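Just so it is clear, A, B, C and D label the chains in written order, and each chain counts residues from 1 on its own.
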Amino acid sequence: MLKLEVNNLYKNFGGLQVLRDVTFEVNGPELIGLIGPNGAGKTTLTNILDGAIKPSSGTVYLNDKRVDTLPPYMVARAGLGRTFQVTRAFRRMTVLENLLVPAMALHATGRQNFEAKAREVLDFLTMSHLTNEYGRALSGGQQKLLELGRLLMLDPSLIILDEPFAGVHPRLMEVIYEYIHRVNSDGKAIIIISHDMDTIFTLSKRLLVLNYGDLIADGDPQIVKNDPLVKRAYLGEDEEEG
Amino acid sequence: MEHGAIFGWTMLWIIFWGIVGGIVTPRVYERRNLDVSQARLGGTAIGAATGPIGLIPLWVFSPTLSSRWITAAGLLIVAILAVAFARADPNNLCVTNGGFVASQLTNGIVIGIIYSLMALGLTLIYSILGVVSFAHGEFYMIGGMVVYYMSVSALFENANPLVWLLGAAVVTFLMGVAFERMFLRVMNTGQIERPKEYAILVTFGLAFFLQYATQALVGANPVKTQRFFPFPNLDIPSQESAWLIKTTSGNIRLFDAVSIPNPRFTAAAIAVILLLMLMWFLYKTWTGKALRAVSQDQQAAAVAGINPNTMNTLAFGMGAMLAGLSGATLVQVFAWLPQVGIPASARAFVIIVLGGMGSLPGAFLGGLLVGLVEAAGTGCIPDTTRAAAYIPAYGMVILTLTLLLKPTGFFGREL
Amino acid sequence: MLEIKDLYVGYYRDLNILQGVNLTAKEGMITTVLGANGVGKSTTLKAIYGFLRPNEGDILVDGQSVLGVPTYERIKMGLAYIPQQPGVFRWMSVEENLEVGAWTFRNDKARLKRKLEENYARFPILRDKRKQLTGELSGGQQRMVEIGRTLMTDPKVILVDEPTAGLAKLLSEEVYQMLVNLRDRDGLTILLVDQEIREALKIADYVYVLELGRNKFEGPASEFQDLEKAFWVG
Amino acid sequence: MNLNRMGGWVVGTLGVIALLVAPVWLTNSPYLMHLAITSFFYAILASSWSLLAGYAGQFSFGHMAFMAIGAYSAALMGYYVRFTTAATNLCRELSLGGIWIVLLNPQGVTQTNTPNCLEMAKATMPVGAIIMQPPVWAGLLAGILMGALFGFLVGSLVLRLRSTYLALFTIGFSEILRAVISAEIDITQGQSGLKMSPLFPGGISLFGMEFGAAAKVPPYYAMLLLFLISMAIMGWLASSRFGLFIRAIREDEEAAAALGVHVVRYKVLVFVVTATIAAAAGVIQGHYIGIITPNILIILQMSLVIAMAVIGGLESLVSAAIGAIIIEFMLELLRNSFDIGPFSVDMTTWRLVFFGALLMLTLRFRRNGLIHPLITWFSRRNVGQETVANRAAAAAAPDA
């Protein structure tokens, strides 16, 4: 059973407060949407969870193991996988090799043990015909899928997807939808960062809203939607209210 | 050295506390949620300068580390080292003879100005193209070669040395332009994958090519030109006591203490004029403004209608020309070989990293500093042959310290 | 004036941030493009100005396609662009910044002088600070420098990308007032992309709402009373 | 195992056999033997540089410095270290169960010569005490250790640097090393260089034949052996997780770390491995040539190695090695100067100009090198077909 605890996270860059007292928990295979206007601190939060940057204060526990002090590769091994907003396929490596990297980083055994699993993943992503192509030969959408595939090979308990739907073709979107559902029903928690409200509301069972470093809402999407704070963050200052 | 141990132990003490300060201070500042950007440099400087006396209050009160504090600590380190050196080696010229020290310092500044000129070219290229040219030293070498071969050619033998300089400028400028058009322009078209690595290797290849092409054309014998402009004989205030200025055709002596050889003096004078011309060009002409605009914000410059391709070519050509001109002024100072560009470019790299990549004032200040350090190193180390051989090493020590402590340099915009 | 027809733009051929956007900016009006962030508002402006190459579609200025024209020449077609991040030359003085704006007619001294005066009349504070480094100015003043520089060339259409992002409330009101003045006094056509829905609607003449790289709603600003409709998907 | 892979093995094995039996024909031409040995030396350096730059994306210009560190460590050991069976009580020494490792004092060149402490101690040492120069393998071991140590230090230092800074730093590191070696004349003899003993000072018998210390056949096999061993090690590394990880790091450090790759460890490790191999090559080459001078560190040497690796194919060990061998032979073939009418063309320099131009043109127009595309053409020629075939098969299958 996955458990993520984020306690009183603060982050400032120089004088700029990017995160202020962010606290939340993830229990079990939840499907969570993380939204907020530009500059709200979503990327910073992701980078802190992932270990790429250290919080100014506060702690993060993943499955009762403290991870905010760990470097990214240890956090990944502890069970947190993420994608990046801009696709980051390894361009001069084959699709198969791309998939082997996380598997072999996790286990110190030979590659033959993972090739079968990699082929399964490729089948699922409808990419098996591309097994030996180089990453750079893939189209943007295929690179996006490849990134999702790498996460399956890492087999984390919590996945953070950064803008998984940005710019993708509707047909591809279905594949990603299916991916999310399947991974979720396999018992993994997923946090989706997206600007695509439609998807967020359809997919997620719980919504976190960040605004200029504050976590202003956390709960059922339909309730969050009508929260005055959230409305103000998105629609601007309402003069009638003040 | 009579009491080398004193100096050695002082060095060890400084290094030890510098390391302690450099490691502990950032952690202290980070834990207190303070700005850590200066903590490593500041901690190292204060640790090295004052040892535990300064470090403990620093850790307890953790004040904001301004550059003034760091500069003060730096000067204190220099002072401590100077005192330790004087104690260790009381008979050294650097200790006993004030005139010698003044002379060394002046010569350091004089040579530093020329280093600056060359580094400015490199930093100009970097600020516009985002590329470090590993062939910078070869343009420097070619500038000198052009001057030498013009000075011995039948056609230009009796021409004013300024004509030779012009020739060097034209040749290196055109070579720079041609190279940029042929090999670097493709970087902007998206045809080249991983452009940074491509730029490193292709400019390195250019260095290799130019060096041996020059050697194939002119051979590997050292050449040197005569003094461009011999001094007139001056004795001020009077011939009997010329304590203010006394010149012979090959040397100038100021205040009866500072003596500068003519070639260095003229080279620096030309460099100063060139620097002023460069400033005039960059700040007063339309093209100069456009270059500065591109270096500060590429997108905004393009929006204003400035063609980035033209500016890239121009910047590379001018950078090459500045290197060529600094070589052209120095061919009357040093013996010139096809390989002479290598240490020169290594030095230019040190200077631009020290000054902050892409910063023009940084390059100027860095050049002066490297000139001074080299002068102090060569002048004060007792074993002169060894001191001369170690000249490139001083630059490397500076480079390593910069990369370790403050990778953005003096005025760095970004790493 | 400015027409965008069925535009597909993205960093890859198959990952299109814009998937068939159609927009028209009518002469002498403020046309505002709204939408949650990430739907491709800024991308649209970048594509119009040539920083991104469209995969499909066309961009017309006065009925003439700009697609083959390099970015640095689009200014000559009467286009101007004010990006989201202040694009001022930080280590140049205010006056130099404005002069760079006059790059395309740099040899016409009389015109340069006239345009400088015009800008100083428009933003008197800039006259006082004209020798100061632009990087030392406040955020609002930097915006003024940028707008002033953009106006040096007498553009017909200005593309404005979130002009008040990161500015204090008082300053943003000033900036919006500036845009209104540009429309009313100078008769400029403005294509405004914004996040501040309420404020942007106040000054807009015509509104487009994008969703995920596609047109969702459009209509005169007066018809846009239901803010939530513009934003939440119902 | 597919057909291509098998073809690769066959070609590789045939190549190795050819290299092993080549001395049978070459033995009458010491010149060709010398060329072969030198080309193996460069092949080791070019392929290890390609592991560093092509696989791991660390553009170091200090590779020859590691080679020099290896060679000088071995040479200095040969000069200043002796194994004795009795204490000297004059030199600095370390006792190891009956054997003393004695460190001689530098006798100096520039200043008045200081007497050799061992020579003076001989008078007091017991009769019959054996004084032995350290064997070649000890020097090799020392060279490798020092190479690894410096690889570790440089690797740890440049870890966080971006490619431009890394290149600047390593070029400076190389120059500083050359300055130190040239300046510390009392220890290194400066430009006149340190003599090194032959690889097999007492000669060796191979295949029932006796070879003297100056014969070319033993060093041929020594260098070939080192070449094959290092290719085997690097090839194994490149195809194992190590290779996978360093290539992932080259492509995208952040993404690799997010997938669980210990970026820091592998970046340092690749420096250590390549530095060690370069150092080993330096030791063998130093013993073979018999003298080591600071001139092995001039930028030209590094430029040549880079040209070899780039022209061969930076992203493949084998291509880089083949490129090195071909270019080394071409450098020799192009040695003969000639006259065109009144102009005499000094080919010793012009050939370098040619390779400089070729390096630039290769980078500009054939980023993958000139040899590598041939190899990939053979090994990957069916990938495209495979993709098409798989796609067709998928399309033909009824939707699930």
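FYI, contacts are C-beta pairs under 8 Å (C-beta built on N, C-alpha and C of every residue); 3 or more make two chains touch, one makes a residue touch a chain.
Note that the structure is predicted; figures quoted are calculated from it, not measured.
Per-pair tallies of C-beta contacts place B-D first. Nearest to the common centre of all protein CA atoms is the CA centroid of chain B. Centroid distances built from C-alpha atoms place A farthest away from subunit B. Annotation: 33 Å between the Cα-based centres of subunit B and subunit D. Measuring from the averaged C-alpha position of subunit A to that of subunit B gives a distance of 47 Å.
With centres defined as mean CA coordinates, subunit C is found 43 Å away from subunit B. With each centre defined as the average position of its C-alpha atoms, the distance from subunit C to subunit D rounds to 58 Å.
Among the residues of subunit C, none is in touch with two or more other chains. Contact of a single residue of subunit B with at least two other chains is seen at positions 193. Within subunit A, residues 91 each touch two or more of the remaining chains.
Subunit B contributes residues 286, 289-290, 292-293, 296-297, 299-308 to its touches with subunit C in the complex.
Those residues of subunit C lying in contact with subunit B across their complex are 49, 51, 70-73, 75-76, 80-81, 83, 87-92, 96, 99-101, 103-104, 106, 146, 149-150, 153. Residues 37-39, 86-87, 139-141, 143-144, 163, 165-169, 194-198, 201, 225, 231, 234-239 of subunit A touch subunit C in their complex.
The part of subunit C that touches subunit A in the complex is made up of residues 10-17, 19, 36-39, 165-166, 169, 195-199, 211-213, 227-228, 231-233. On the side of subunit D, the complex with subunit B involves touching residues 57, 59, 61, 110, 157, 161-165, 167-169, 171-173, 175-176, 179-180, 182-185, 298-300, 303, 306-307, 310, 346, 349-350, 352-353, 355-357, 359-360, 363-364, 367.
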